[in-house]
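Each of the next two complexes has chain A plus one more chain, namely chain B in the first and chain C in the second.
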Partner chain A sequence: MKKHRIIFSGSGGQGVITASVILAEAAALYEGLEAVQVQAYGPEARGGATRGDVIISDTDIYFPMVIQPEALVSLTQTAYDKFLGNIQPGGLLLTDSHFVTLNKKVDAYQTALSMYKTVMDKIGKPIVFNICMLGAITGLTHFVKPESIIKALETRFPAEIMDINKKALEIGLELAEGHGIS
Partner chain B sequence: MNKKKVFVQGNEACVEAALYAGVDFFAGYPITPSTEIAEQLAYRLPKKGGKFIQMEDEISSMCAIIGASLTGLKSMTATSGPGFTLKQEAIGFAIMAEVPCVIVNVQRGGLSTGLPTSVQQGDVMQARWGTHGDHSIIALTASNHQDLFAMTIEAFNLAETYRTPVILLFDAVIGHMRESLIIPEPGELPLVERLKTSVDEKTNYHPYLPREDGRLPMSDFGGVHRYNVTGLMHDMWGFPSTDPRVAYILMHHLYEKIEGHVNEICRMKEFYLEDANCILISYGASARSALHVVQSRRARGERLGLLELQTLWPFPAEAVRQKCERAMYVIVVEMNLGQIMRVVKRAIDDPNKLFLANRIDGELITPQDIKNMLRMIYGKGV
Partner chain C sequence: MKKHRIIFSGSGGQGVITASVILAEAAALYEGLEAVQVQAYGPEARGGATRGDVIISDTDIYFPMVIQPEALVSLTQTAYDKFLGNIQPGGLLLTDSHFVTLNKKVDAYQTALSMYKTVMDKIGKPIVFNICMLGAITGLTHFVKPESIIKALETRFPAEIMDINKKALEIGLELAEGHGIS
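Moving on, here comes the complex of A and B:
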């Protein structure tokens, strides 16, 4: 297995850092892999650019940041504009068509999915938008198994809100079908 | 045995280790990037019968842990650069009054309020010389969560062994980074408990009368013995003294109890030093980038090695000198303007072979930054 590098980017409050933590946790605790997660954000609690980096590997990981991601998630136009140029040639970009307009050319698969709208139509709660995105990126990249994500979700969320989180994850996985690099 | 594996931030690993070491008391004033330590201990300490107090500021937090420690409790506080500055006066008091305690400084960027959510390693010298007067200090660091766990335990152990404050000098990258940690079974790592006096309650107890081995047994303050604690030069009773002989002996005692045990105190990790013609010296988050470079260059057959310092103070000068003796180049990798580099410069035989690969803009130094320095040294340009 080679090292997988992914950057989640967006705005504070969208849950991009939480999503990055869950992905890394799924790899480290439920797939027996090495994983490292780091984050960058401003001093503010809401708004401002945030970013979560995840590296997944079967060997030791030293430098913990991602410089050239194999997969990039950008949930705001600002994040898209800022990070698109860093993507690895032939890599994958995931954005949400509600928040981001794909207006640049880059050597990568630019995938815009209607995650936010589908979550609002089918669940009605924006809070699980990030989990839907996690489902989509899992479906697109296969870095970890969806079951491992579910296990990580179960330790994090109480049973009463697991249902909508699981549903959001499934929506994301469905939206990703037919897209992706492999 | 199925050990507990968790996926946590460095700050959480520090909390797990402090609880493993038996911390009873925490007083602090939350500050980024150390906040998770206070947050987690606020939740977990009361559950095991310990005390957590959020104080009005960093000064009172430091004073509170000194008081708590004197009553026999393992005590700690956590902060970042600006708070560490405020604690310095009381840290000096703890050194003078010989009060064991642990101070965590998760370093952030810049001087003053600087870059609250970014990283630097600019407090290395503040840890050494932040408080006034000639003194010695113990400061430890770590570059991954398993080591961070072990060094936190070590901090509590050294604090008790040498009756002194111990600084844990982490950084924002390690504090906030998440990676796996395997929590050792109880009993797996040795713990040093408070050395208590065997003097009974009817007999006079001398708080500052060392045993033959130099250690000073303590009596829980407020317990059966009455004694004085002061920041003034003091005699074996703890009472102030201006006698030059008392001052001379105390100054040497406080200094030598640490500097005279450098070999016992100091921890370091060595990677490929045996045949290395170029040695990187690093610590904390910077050491991760340094190790990245060493591993990738070794795969190409380049004779690069890494000396990772885990004890910054007291500085293991003689060990560093010996290990760098045969290297053609020594490069210190750190995120400041050369604080450890200057200490290494004084330690090694030939200071002309010493270089600094650093970064001071709040970003973690990258393997590319280090490789650029290698290209410069090898005359390849960048």
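Moving on, here comes the complex of A and C:
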């Protein structure tokens, strides 16, 4: 297994950091891998932008920031414009068609899924949008198994909201079906 | 201002990660500094140990992991035994006398405060133990102002629990009085 590097980016309130923590926990606690999760707070953070980096590996991780992500999630146009150029050649960009227009070319697989709209139509609660996104990125990359994400969610959230968490994750996995990098 | 490096260590459930995130947010969002917060999940995480690294600086931060912390918080004997040797010469160790016995020598200022017991006596809710610890480490190091911690807490927690958060922070600041590295 090589090192998998991923950047989650968006605006505060979209649940980007929580998603990155859950992915790191799923990999480390339930798949026996090494994982590092980093949040850098710079001038962007003061403008409401937010970014979480995750590295997943089966060997030690010495440098935890992600320079060239294999997978990039950008949930605002600003984040898309800022980070798209950093993506690893042949990598993958995931965004949401409600928030971002794919208006740039890059040597990567770009996919805009209708996650936000589907979550609102089928669940009606924007709070699980990030879990749906986590389902989609898991379906697109296979960095970890969906079952590991579910276990990490169960540790973090009360039982009462696990039903909508699982439903949101499932929606994301379904939207990702037929797309991906592996 | 030089770079301030701090490691928070303990066991899952002691609120170590939350404390490290709040400190990074206080520095970056309310004091105009750069901050990076890292969680590394390795074999220790699977054993229930937990660690959050924070770097605070007024210039760019290129390497976000902390090798030699200026300040180390260790809330279990295991964490104390593991990390004490890494502390920067002349640095500071904070622990809680309920959880840890200071049984090692190191070229650093070691202080065991009675945070857990005081929180239980005066507030009765162990959930704010980490906020009390954040008050103590702020009082000991002055890396950020207590007001910035309060602002970061207000963004993160509902208004109903701000009273006990502030009380816990205040207890920590009081316990730290007369001690410290600056």
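As a convention for this text, the second predicted complex is superposed on the first by the 175 of 182 C-alpha atoms of A that agree within 3 Å, B and C clash if a C-alpha of one lies under 4 Å from a C-alpha of the other, contacts with A are read in each partner's own complex, and residues count from 1 in each chain.
Quick note on the criterion: a contact is a pair of C-beta atoms (placed from the backbone, for glycine too) under 8 Å apart; a residue touches a chain by one contact, two chains touch by 3 or more.
Quick caveat: nothing in here was measured; it's all calculated off a predicted structure.
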item: Clash or fit, chain B versus chain C on superposed chain A; value: clash
item: Which superposed partner A:67 touches (first chain B, second chain C, both, neither); value: first
item: Touching partner for A:24 - first (chain B), second (chain C), both, neither; value: both
item: Chain B versus chain C as contact partner of A:40, first or second or both or neither; value: both
item: Chain B and chain C footprints on chain A, overlapping residues; value: 21, 24-25, 28-29, 34-42, 61, 63-65
item: Sites on chain B touched by chain A in the complex; value: 5-7, 32, 116-117, 173, 176-180, 285, 288-289, 291-292, 295, 364, 366-368
item: Interfacial residue positions of chain A with respect to chain B in the complex; value: 21, 24-25, 28-29, 34-43, 61-65, 67
item: Footprint of chain A on chain C - complex, ascending; value: 21, 24-25, 27-29, 32, 34-42, 45-46, 60-61, 63-65
